[in-house]
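For reference, the structures are reproduced in the following blocks.
Presented sequentially are two complexes of chain A, the first with chain B as partner and the second with chain C.
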Partner chain A sequence: MAQEKMLSGCAAAAQGAKFAEIEVTASFPIRPYTAIMMELARMVANGELDCEFIHGEGEHAQVSIVLGASACGARAYTGSSGVGVTYAFEMYSPVAGGRYPLQMAIADRTLDPPGDFGSEHTDAMSCRDQGWLMGWAASPQEVFDNTLINYRVGEDPLVMLPQFVCQDGYFLSHIPDKVILPELSQVREFLPPYKAPHPLSPACPVSHGPQIRPDQGAPMDAQRAMTFLDVPKVIERAVADYNAIFKRNLDPWLEKYQMEDAEVAFFIQGAHANTCKSAIRRLRAQGLKAGMVRPRWLRPWPTEQIAEALAKTKAVATVETSTSYGGATRGGNLIHEVSATLYDLEKRPLLTSFMAGLGGDVILLEDFYYMAKILKQMVEEKKTRQKVYWVGFEEEA
Partner chain B sequence: MQAFNYNKQILEPIKSLRGAPREEMYVPGHRTCAGCGPALNYRLTAKAAGLHTIFVGPTGCMYVANSSYLCTPYAVSWIHAQITNGGAVGSGIEAAYKTLMRKGKYDGPFPNVIVMAGDGGSVDIGLQAMSAMMYRGHDVLFICYDNEAYANTGIQTSPTTPYGANTTFTPPGKMIPEGKTLFPKDPPQLVIGGHPLVKYVATTCVSYPLDLMNKVRKALNVDGPTFLHMLAPCPKGWRFDEKLTLEMGRLAVQTGMWTLYEWENGVYKYSHLPKTYKPVSEYMKYQGRFTHLKEEHIAKMQAFVDEKIQRIKAVAVEAPIPTPKQKA
Partner chain C sequence: MAIKIPKDREVPFGAITPAPIKQQELFKTSNWRIVRPVIDHERCTRCFTCYASCPDSCWSYNENEEQMEWNWMFCKGCQICINECPSDALTAVPELDFPDGVARLEKPF
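Right after this comes the complex of A and B.
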């Protein structure tokens, strides 16, 4: 029988890994993701999970250990936060380039300086171009779902790519919410055992990762890029199966909130979306037709789905929870992607961005009201005054 | 916690060169230099280990010159690792096979997992991963093939480059006449010194193939982490005539620059100890990396080696060819 439990985002990730019957995991402590590994350690110690639990000597080693394990055909799992995510950076390209479909949980944490414990998406966002599948959850339930869905998609023979399964540190990683834990038999139906096509084995000699010539480099890059053309259909199939087996109603790409008649829209990743939805309910009560679009994937970026969701709005604001110093707008990252997504629309909505939720800051309801005020002003004036607003730092609108 | 049953195949001792396996697991066609010591290390190691082996090859000469352009000389399974993480990738492989065997997804016997790392990949940038692998007790043989420099990138100093060597990062000059001023790290002592699960460590050299192959077999027969430090003369890096590779290894042993020993459960056994040591200048004179040295520098090197020899004399137990344990 499926059962409902109150789980934090970290506990939900660990449950996801357990239901996925992971075979090798590697740990190193850093807050806040550590709670995932503490859970897994407990499960291994008391026999709930048959998995090699290896104490890595750092994040670089964590990813290296699971690379080795995945190369042999084991289902492998690791995770990190903040500077731990960036410490392992060297390994992200070899893992994706080697087509090892292992999974790494990221519970976001600000990078140093100054050693802030808070959540901010810059750690994971910095890794977005390494060829991994990647996306943010907004609830512990979604963390659990994404853990299973990502393994299923990543291990698909058409895909064979590693996955970052991201969640906001603390806001999500440490706040319990209801999670439905399914039957193991349902999970096995959804996620068959991993079978590596060319495992590193004494039974059949193979070489993994020999050097290539420069003229072989571009084709390999192109091959990895082409794979991302196949990923969307694999995701859609996986989510359809997930919904059927677990009796759920997930959209493969986006969470759309009150978008049917929205004139202004927030575009936001991760758990701050929950506050955003509360704000929208209040804004609508005051007469502003506001809505929200939350992407469930950053890679692959759901270009068509986002364009379609935002096409009928008059003004859109990306809520940036990461930094892109010196970028096109001198603000965050999402606006770059959303700009490129909307550029070819016949009738483009106005677009701006808000720097918020940085350094572990909470995005308050008041902050969303402030953003709404600017969106409303844009609609009235039919123009974008600024491409980026630093919420809490600007003169009153 | 129950100890894992590795159910390994046991490798029998090789009693003579003639009795060594004929099969090559490291085959010709690679792009190493003429007279390459590390390539010979690889060939002998692979021959001794046999078909049931997985090599981990961190970046270094033995990656770049061996696996060029998708051609590899490995007749057994091989995976590239970064220069940083041979120990960690090896750990992951070993862990995977443990789970796969426990779950009945792989029948065994447990594969020989061998990390073949250069000196940089072992005790410089690769030290952390190597040490952690030893500490955690993975059943992996970690080999440091030591050609005493970062040779693939154009001969830069590593922690095992000898004092006085001219490398492209330690060029001799007016201010620093001896080139390299530091004395080298001691890899086997690093392993022996702080890793309670390590039961077997040994040094060897390509010039002593029987010694080398049997140490490989002995190490592989041990359940748990083992370490071999292999001297691998490098004609390009050390600048000697490429036909002298084996001679350089022999001279290293005969002068005391290199010693062949085993350390097993706390006991040292030496082999091929010279009755009288030749002066280090006999070894250094063939090598372009030392030609700039003055008398006083060579004397300093001699003093370093003399001290090492004194220490050996205090503990040395002469041993014949190392004998891999027979199956109990």
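Right after this comes the complex of A and C.
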């Protein structure tokens, strides 16, 4: 029987790993991720989970250990936060290049300085170009779902790629919400055991991760790019199966909230979307037709789905929860992708971005009202005054 | 969008290849060798010091021929085996002295 439990995002990630029957996990403490490794350690200690639990001497070692485990054919799991994520950076490209479908949970934490316990997405966003699948959850339930869905997609023979399953530190990682834990038999139906195509084995010696010749670099990049053309159909199939087996109603790509008649839209990633939805209900009560689009994947970026979802709006604002100092808009990262996504539309909405939720800050309802005011002004004036607003730090116009 | 990779430029999946326990075409990393170890089988005592000292396992024993065998596609020419050989059976010979020397390859990589 499926059970309903109150779980934090970290506990939900650990439950996801347990239901995925992971075989090896490597850990190194850094909060907020620590809660995931604590939960897994408890499960291994009391016999709930049959898994090799290895302590790395740092995050670089953690990812190296799971790379080795995955190369031997094990379903491997690790995770980190903030500076831990960046400390392991060297390993991300070899893991994706060697096509090891291991999973890493990232509970975002602000990078130093200030290294705050609270969320900011810059740690994980910095890793987006390393060839991993990647996306943010907005609830503990979604963390659980994404853990299973990511393993299924990553281990698909067409894909064979590692996955970052991201969640906001603190807002999501440490605040409990209802999570439905399914039957193990259902999970086994959805996620068959991992079978590595060329496992390291004395019976059939192979070389993993050798230095390839310089003239092989470009075709290898092209082969990886080709893989990403197959990923969307694998994701759609996996989510359809997930919905059928677990009787759920997940959209593979986006969460759309009140978008049917929305004139202005927030484009936001992660758990701040929950506050955003509350703000939208209140804004609508005051007569502003606002809506929200939240991508469930950052890599692969759902280009067509986002273009379609935003095409009928008059103004769009990306809520940037990460920084890209000196970038095109001098603000965050999402607007770059959203601009590229909307550029070829016949009639594209006005576009701006808001820097908020940085350094572990919460995004308050008032902040969303401020953003809505700017969006409304853009629609009335039919122009974008600024491409980026630092919420709370702008001089009144 | 369609990406097409010519057959002759395809890379094995994840760059995973059979291990170079024996010489094999998919594992050519000898391209920067300047000198190569040349063995004098008369002087060789089959003591396996070369086998043990090679950091890349480029020496093996051919049981049929009853002599040591060198993996020329994998050897980087570090000369450790030459220095370690107790019976002076190995000599460092410049690649340029060989018609098939890697320094002569039209396409070095």
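The criterion applied here is as follows: the second predicted complex is superposed on the first by the 396 of 397 C-alpha atoms of A that agree within 3 Å, B and C clash if a C-alpha of one lies under 4 Å from a C-alpha of the other, contacts with A are read in each partner's own complex, and residues count from 1 in each chain.
Keep this in mind: a contact is a pair of C-beta atoms (placed from the backbone, for glycine too) under 8 Å apart; a residue touches a chain by one contact, two chains touch by 3 or more.
Note that the structure is a prediction, hence the values are computed from the model and not measured.
Colleague: Consider chain A as the common anchor and indicate whether chain B and chain C clash or fit when overlaid.
Modeller: clash
Colleague: What is the contact status of A:Cys72 with respect to chain B (first) and chain C (second): first, second, both, or neither?
Modeller: first
Colleague: Please work out whether A:Gln216 is in contact with chain B alone, chain C alone, both, or neither, and reply first, second, both or neither.
Modeller: The answer is both, since A:Gln216 touches chain B and chain C.
Colleague: Count the residues of chain A touched by chain B and by chain C, then name the partner with the higher count.
Modeller: B
Colleague: Just chain B (first), just chain C (second), both, or neither: which does A:Val206 touch?
Modeller: Both partners.
Colleague: Examine A:Ser278 and indicate which partner it touches, taking first as chain B and second as chain C; both and neither are also allowed.
Modeller: neither
Colleague: Is A:Glu23 touching the first partner chain B, the second partner chain C, both, or neither of them?
Modeller: In the superposed model, A:Glu23 contacts chain B only, not chain C.
Colleague: If we overlay the two complexes on their shared chain A, which of chain B and chain C does A:Met91 touch? Say first, second, both or neither.
Modeller: Only chain B; A:Met91 stays clear of chain C.
Colleague: So, does A:Glu52 touch the first partner chain B, the second partner chain C, both, or neither?
Modeller: It touches chain B, and chain C stays clear.
Colleague: So which positions on chain A get touched by both chain B and chain C?
Modeller: 205-213, 216
Colleague: Could you list, by residue number, the parts of chain A that touch chain C in their complex?
Modeller: Answer in residue numbers: 97-100, 160, 197-198, 205-216, 218-220, 222-223, 225-226, 229.
Colleague: Which part of chain B faces chain A closely enough to touch in the complex?
Modeller: Interface residues on the chain B side: 51-54, 56, 63-64, 67-72, 74-82, 84-85, 87-100, 102-103, 105-106, 111-112, 128-129, 131-132, 136.
Colleague: Any idea which chain C residues touch chain A in the complex?
Modeller: 1, 3, 5, 9-11, 13-21, 27-29, 31, 109
Colleague: Quick one: in the complex, what on chain A touches chain B?
Modeller: 23-24, 26, 50-52, 54-58, 60-61, 64-74, 76, 90-91, 94, 193, 200-202, 204-213, 216
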